[in-house]
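All remarks here apply to the structure that follows.
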């Protein structure tokens, strides 16, 4: 019974749920504000994403007449949010929180991370607009492109942990974190550097920011899959993407640099790490480049990130 | 000539672009047949900005028409009244004061700087490069401030009247103007360097939307679009008006005919425009700025043309004994360049539609009147 | 890579955002804004009405005199009225605070009245317009202009004719 | 592209058996403006062919419906205009009756900066040859003429409307220009009553 | 009750803008883009954001004299914007038809077809005037929430 309560609170309150949501919104707000500063503007208040969310709550959700199925149209964002809530509870915070094995392991997390992309595809096609359809095909192409390198990166981390812990492969994030706390972070392990590089390319693509915001490109496909969404339903997508930012960044920290003291200090360090990752890896990137075309992005992922990830994996296997 | 006729087959599907589309500054409507992400055929449906201005010109007096033609389009809003006034002056045989000729060049070239920078900025926006977009727009604000401080409005200068210009430069505005130009020069040079080297820009604009020279000639394209395809034609050079024959005019041409070349031509022309204005300020003669009162325009007909930011603009004016003209007709550069989109869009990617359309700097409100 | 220097510069220099709407906005001296009408200096030639391309200016004859109205919701702020006005009694101010709610739509009007007066000479009722004296030679003194102003158009013509005969 | 050649008049006259009215002027910079009126509208295509061979660009076309001359010819014609007055004020060069219903079509060609304008007159309900076989750019211009006036362009490849919405009646210029009572940007009475009333109410 | 009104106050900090071009000469559109997107005016300070889809909009800015050809598209698009929304007419063209009034192809004024809340006259209005108008629109929007 108490186990279930802990689980539930992990999903709904901390570290998933409310905490992840607020933190994710703050991350997005920080991203917008710092981006504004880099562009020479004042920028919105830090909690602007929260204001947006509250506002969307007051608006009406309109279901377009072109929709194939209202249930799918409205259900899709809900599925996305639920998947991210669970995923957020799966991300360990070193020294503070390690996920219950009941919830799953690294592989489950990887699957959950694919859900938002799929949700966007479903949402795009359910809205019945031609732009949604283009968004669908682009999202699919992009996922195909970045999932490959990601799997190799994760495999490299899992193998390296597993081998040195005495078994072949470890998909337990808790174990991966513990291993690094003992043997040093993979970030400082030269063998893993190519994998880190591959992961760095993965997360802007997964978070859908420039240069990889191709499925949602406003000037090309009018925000693609989200085109027809309004009001609370659009708010759910915003929640989903805020949670996803936390999950993806948290995964990055867990995979490569889970070095932190325990307790409140540990949490603080983790929060700062997340913020720095967001600002350096997302904000600076998105203000300093333009968008790629889908064929360019596809070719790009099948070249460098795949190569890097494969290199790391190969070294891990051979050594 | 490139063949641009395609047949719609089973594998293609049609997507509408417009009429109200965020990437398009103005309403226009394309029906695009695509095969995957590749364009198979383009059908352009026009007329969304048709306001019947040609009809209105025959209901307004010639003096009202100077302002009405200015409102055809805000991006080339100086070229229209200037050409209209040139046609009227030709009919009446009016000798425009020398000072006014220079002041007309200044007004026209300031509009050219702002218009070209706007197009360049939008290119960055369409590429998804928001920071560059904002930066170029900020630089453009210098030109906007010039317009507001010297002419009193950020878009419609109201600079031209029949028989001269309505504004004058005093010591204060001259100093302000040259100070602002000094600020613009390094900024524009830097923008040129950025567009020449930046990977994001080059990756999305080099080799995209190519218009070959022979196709350009067949379509009769004008302005930067023609000059980017290697056609050396600039009204300011071949049929000088205002004070252009006394100024250090340079015509820029490139040969690749792609989106990038057109952008670079526009930037080069913005840069040249600054030199032209500086030369005007240096040589500005004294004297009146306009003929007094409202000269009568007798019965007659005339053709006048000028180089608007987007290319050759031509006006035909026919008057009779009424204060309203009998017929006013004009053809704007986009009218010619629009058709060339068919060539540029053939076999390109959906993602590039907006970028290619923007590369002709389409002015729909000019075209559809 | 020169782009990173731009970002750094932006960070270093701070935002270039204007204070408005939280602070005052700069308005250039030559800004062409709201129309203002000065009835006492108007000669009543109505040239502004004729050159206004948007039909924003209208003179209406009322029992009290000649009314001037300019509706700012159709005015295109081109400045033709000021440019062609012989006395600059129509001119553009630098005021651009024109946004208003729908309820106020029809009250965005600048109006003025050129009142009727009784001619000091013949007693006829005529408009109290400013006399057109710019072209009169030799130039008229202020007293003479004031004297002229009190008359109806017919008596003004007589007055000027008499003056010409004298000189 | 070439400038206007010296012998343009004779070249054009050779292909227009009905006759042409040719005038040429140059501005201070030497930029030439040429006006060519055709006596016979069917000479348009051969004349355009000559210009096409010279490398001309069709830059604009303009149709108009010249109003019938007013009935006040009693006063003495001004000097220089006498010759024209003798020709008869009611007909164009070439004899098309100018009664307010016939069309005047002006084709503006560009020869590397010089302008050549070819004018053809077509009577009401008449037809004119399409220049699209020679100039791709004639397409839109001719569609525009057709949507503004009740004029037919012979063998035009795509005679649909160009800019004007289908809800607006055909030949909009013929309907509106000669008969409209709207003049001089005067605003409708109703609109001004609203404005003046509001003002009266406020005061 | 109190919480709702507090939340409404928060909500008014996030007015998203959407622009409809009803056949304008570009002037107002360019000025809108300038106002909405560039650092000098930075309406993001007010929480404003330019959005690409009408479904996401709160404040809709209409420019142009509403030509016959674009009228249906504009009205349809306006319908697609979820309530509550505020309509702002930018420039004299949509307000009265401006210089194009009485053309056969122009349907202005726009308030015959849809309820307008705020007018921003000008040809085109300067960005500061647009910001002022948007501020008025936000006030009205608060009432409507």
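Some notes on this structure:
Labels A, B, C, D and E are assigned to the chains in the order they are written; within every chain, residues are numbered from 1.
In the analysis below, contacts are C-beta pairs under 8 Å (C-beta built on N, C-alpha and C of every residue); 3 or more make two chains touch, one makes a residue touch a chain.
In UniProt terms the chains read A = NADH-quinone oxidoreductase subunit H; B = Carbon monoxide-induced hydrogenase; C = 4Fe-4S dicluster domain-containing protein; D = NADH-quinone oxidoreductase subunit C; E = NADH-quinone oxidoreductase subunit NuoB.
This structure is a prediction, so every number in the text was calculated from the model and none was measured.
The set of chains in contact with subunit A as well as subunit C comprises B, E.
Listed by label, the chains touching subunit D and subunit E alike are B, C. Relative to subunit E, the chain whose mean Cα position lies farthest away is D. With C-D and C-E as the two chain pairs, more C-beta contacts join C-E. Between subunit B and subunit C the centroid-to-centroid distance comes to 33 Å (mean Cα coordinates, whole Å). The distance from the centre of subunit B to the centre of subunit E, each centre being the mean of the chain's C-alpha atoms, comes to 27 Å.
Rounded to a whole number, the gap between the C-alpha centres of subunit A and subunit E is 35 angstrom. With centres taken as mean Cα positions, subunit B sits 45 Å from subunit A. Annotation for subunit B: residues touching 2 or more other chains are 22, 47, 50, 52, 55, 59-61, 64, 67-68, 71, 125, 130-132, 134-135, 138, 148, 153, 156, 198.
Residue positions of subunit C with contacts to 2 or more other chains are 3, 7, 15-17, 31, 50, 52-55, 71, 74, 76-78.
Each of the following residues of subunit D touches two or more other chains: 163-165, 172, 176, 182, 184-185, 187.
By the definition given earlier, chain contacts exist for A-B, A-C, A-E, B-C, B-D, B-E, C-D, C-E, D-E. Contact residues of subunit E toward subunit C in the complex are 39-42, 45-46, 92, 95-99, 101, 111, 115-123, 125-126, 128-133, 135-136, 140.
On subunit E, the positions that touch subunit D within their shared complex are 67-69, 96, 99, 101-102, 104-105. Considering their complex, residues 7-8, 10-16, 39, 42, 44-45, 47, 49, 51-53, 55-56, 58, 80, 82-84, 145 of subunit E touch subunit A. Those residues of subunit C that touch subunit E in the shared complex are 15-18, 20-21, 25, 31, 53-55, 71-78, 96-102, 105, 108. Interface residues of subunit E, counted against subunit B in their complex, comprise 20-31, 33-34, 37-40, 52, 64-65, 67-70, 73-74, 77, 98-100, 102-106, 123-124, 126-127.
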